[in-house]
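Chains: A, B, C and D, in written order; residue numbering restarts at 1 for each.
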Amino acid sequence: MGNLSNKSSEKIKSYKLSKKEVFQITADTYLIVFEGGSFDFDCGQFCMIDVDSYGLTRKPFTLGKFEGNLAISVKIVGDGTRYIVETNELIDILAPLGNPFMPGEPERARESNGVVVVAPSCFAEGYFISQKFNVPLYVTSKTPFSEKFVEKFRDKNMEFIVGDSEFLGLTERLNDSDFDWIFVSGSKNMEKIAVKNLYKKIVYISLNEYMGCGIGACKSCAVESKYGIKHVCTDGPVFRGDEVCL
Amino acid sequence: MSIRKLNLRSPLIIASGPGGFGEYLKIEGIEWNKLGAYTSKTVTYKPKEGNRPPRMYAKGGYLINRIGLENPGVHSFIKSLENGEYDELFDKVPVILSLGGDFFEEYLSITKIIKPYTSKFIAVEYNFSCPNVKRGGLSIMSDIGEWKNLLKEIRTEVPDVFLIAKLGIEGGFVEENAAIVKDTGWDGVTVINTIRGLMFNDEGEMILGGLSGPNLLPIALRAVYEVRKRLSDIFIIASGGVYKREDVELFLKLGADAVSVGSALFKNEKVLNELL
Amino acid sequence: MSIRKLNLRSPLIIASGPGGFGEYLKIEGIEWNKLGAYTSKTVTYKPKEGNRPPRMYAKGGYLINRIGLENPGVHSFIKSLENGEYDELFDKVPVILSLGGDFFEEYLSITKIIKPYTSKFIAVEYNFSCPNVKRGGLSIMSDIGEWKNLLKEIRTEVPDVFLIAKLGIEGGFVEENAAIVKDTGWDGVTVINTIRGLMFNDEGEMILGGLSGPNLLPIALRAVYEVRKRLSDIFIIASGGVYKREDVELFLKLGADAVSVGSALFKNEKVLNELL
Amino acid sequence: MGNLSNKSSEKIKSYKLSKKEVFQITADTYLIVFEGGSFDFDCGQFCMIDVDSYGLTRKPFTLGKFEGNLAISVKIVGDGTRYIVETNELIDILAPLGNPFMPGEPERARESNGVVVVAPSCFAEGYFISQKFNVPLYVTSKTPFSEKFVEKFRDKNMEFIVGDSEFLGLTERLNDSDFDWIFVSGSKNMEKIAVKNLYKKIVYISLNEYMGCGIGACKSCAVESKYGIKHVCTDGPVFRGDEVCL
């Protein structure tokens, strides 16, 4: 609050990027891979995208990497996300925003033993984290995955899970597993269930709150936590599940 | 009282709130020399946690927010000032300080507390129009007589500060309230603030907040027109729905001395480079 | 005072102004039995020619008008009443009479003049919020004390008439003004009226008028919410931005007793068949 | 004022009509011919068209007939007119509105000797009037006509005139002609010039004012006249040029 310094060292800039490839993940969700490796960022961080006349605010998306390129996954839920998926124009991205995700203490993060569970909308982020920490990735969806997409990733350290009860089953399995931490990113509801069911574990969740600025100015992205009000854009977006009120 | 004008290097101002306490400096590529002033988020006497989430939503031509004046309070703000946390901001652009409080007494107290620091700012704007707090803000306008006294007392307390009152269109006619501002010896008004609105977000949660964004434009234009018609000699900062160069030109044509940009920053902060 | 409710056959009302004096009867296919009431265009003490053209314009989600209460004046109106010119209207749908004036005295005079005819109407709505007249209308609210006296005198003059005050969001807080309406023994409020706006038409002419249309919705919803929160026992007619069945439902959910449709008639009068 | 009776005898209804043919008149103006002869109307009258989500009010257009079918001409000036020209859906038309046009005294109208001058946007109306009274039609445009269109109508009692000075020339010629009356319909400016230049004649003009309702309810379409405020929708749309303030 009232603090001008950003926790990430990288200066925030807006970049105009062109799409390299768009893969359909599920009926309404897409993986968008951009040309070139435009800027440095770490997993857990996000960007804000200008949606032209299709929304009054930039729209936040978690960042990922695919084959060395910047990637985001986008679920179409309204005009802005539809624009992002469909446009062939350059996309104006403000990044990198928020804090890098680090399981446990920074020194010991790489040795730690975790697992990543994401909804298709957070695939890019999940994939990036699973690669970085070399941990398994579960992509869970209510609706079926595109077969082509599953084909493409089948050989990687990754599992595709479809259905609500299958997701609940996964959380139970993971709760009894010997992983140290579970990173969960998806809808509010999905994260809520994960935190509740994975009560034996350290759960990290990437929060969703309406964002005006993405840089700590507007205070719109507040969440209630054990320690009072926190802001998703500057204190997160990743929080420990037991520390925030869902 | 002689008529005073803020000598701005440009008529473009960042509105109080959307710009926080200078956070937009973190973003590269904004042409700061094009900006006349950066208004700080409203600082209140006591620290404020703000309202419970959700705090914002947008649909069609409106953005609605119920931040609730989250801010560190004046004492902590002064500490940051003294620590040099805002030095980069002061370096880049002239700053207008926005102040608020829960009661009349708090508006006066905060004035006294901030007095030694006012020279750091080109002006002090008092927020009499935040619709998102139970006490203070807009609700101050429920007793116009008391409010008038408050204006007088603040004026007496800081005779040399360039004083601006930020007014909404509710709780009295904006031009009549502006006339009171003028009569009590203040230098300027910022018109308008957000308008009280009610929207439901996609989760079906009811959001009682302040409306900002493009739809405010014709209302804000009218407010500026009415205030200028009534008062030829008050400094006017226009606020509400500025997204395009044409909007800025219209406000100036109607008699505004400066024009502030709020919600448009959220669409794309580069708007600041394009408005002049 | 006991709490009175208008017993409407449906909560849907045609707002004062857009519906004129029943002209929509000329159009076939409107299901009049679905309509709770038709509010007449505001009748003032003296005849009014209205403002010079242009009088209307629309862009984006707003319509702006500056009709200026064009109407034949109460004496000519009464002649038409007596001539049976409105008999077809009375036949088809209950009618709410809207009244206005330039000064306090005119509001009172018109009340006295219309008194013998009030039984023809299910209620009388007083327009304290037309922004398009130099005197009267919204400007009446500049002196709240006087206005309160006026309300009292009208109440005393017509103790049995169902009295509704139409309030805007300017010139005082709508919920505070509604509380005054309640305190003086009136039965209901209509909230809101148009909001003062300024737009330029395609010919570049500046139009100072009242804003109506879809963009009013979140503001009107909030006004109804605030009035109902403050007053559990006042009859509320919602007005502002009603175009869809969902809008009607929202207003009713937030505590409105009836919902009126204005500008939407211009998009397509058949909207009346679709709102319930 | 306060008068419920419409001067036209026909009840006002809304009709959903389908397009039969659309002819391009000039770069931005089209003649739209509808299927069937849905309702009775007279020349001079107009209709109001629902433009769906492309405008907050119905949009007024003067009525005409082409080969026995209802026709309007539409100049694209904004979203509503673009919609009307481009849509393939049924068009919702409220009609007939306003008063029939009658040169001079009703009894003697048919013998009277007039001429019709219209902009392309009022072609349908002009054509209808010229046919009804069997008088010449001048279609005047700032921009060139579609050749196909001119071809189609060349043989009829009609002349196409392009250019401002050509229009001015026409008004001068007509002023010195032996026609009794001139009917002019087009932009405000065109009608103003016509009234000014045709000072020796009785000039009828079809007025344009912003219309909310089209039926006399809203009082938005006021014009100032010698006799005080008049309303285009119920007192017009055709007025004598010397009686209104332009």
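Definition applied: a contact is a pair of C-beta atoms (placed from the backbone, for glycine too) under 8 Å apart; a residue touches a chain by one contact, two chains touch by 3 or more.
Quick caveat, the model's predicted, so the values are computed rather than measured.
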item	value
Any chain in contact with subunit A as well as subunit D	none
Steps in the shortest chain-to-chain touch route ending at subunit D and beginning at subunit B	2
Rounded Å distance between subunit C and subunit D, as computed from the means of their C-alpha atoms	35
Computed distance of Cα centres, subunit C from subunit A, in Å	51
Whole-Å separation of chain centres (CA-atom averages), subunit B against subunit C	34
Junction residues of subunit C - those touching two or more other chains	61-62, 214
Touching two or more other chains - residues of subunit A	none
Chain contact topology (line, ring, star, complete or other)	line
Chain-chain contacts as defined at top	A-B, B-C, C-D
Complex contacts: residues of subunit C adjacent to subunit D	17-29, 41, 49-58, 61-63, 65, 67, 70-72, 76-77, 80, 85-86, 88-89, 201-202, 213-214, 263, 265-270
Residue numbers on subunit C that touch subunit B, as the complex places them	60-62, 64, 141-142, 169-174, 176, 195-200, 208, 211, 214-215, 218-219, 221-223, 225-226, 250, 254
Sites on subunit A touched by subunit B in the complex	1-4, 6, 11-14, 50, 55-58, 77-78, 92, 94, 209-213, 215-224, 228-229
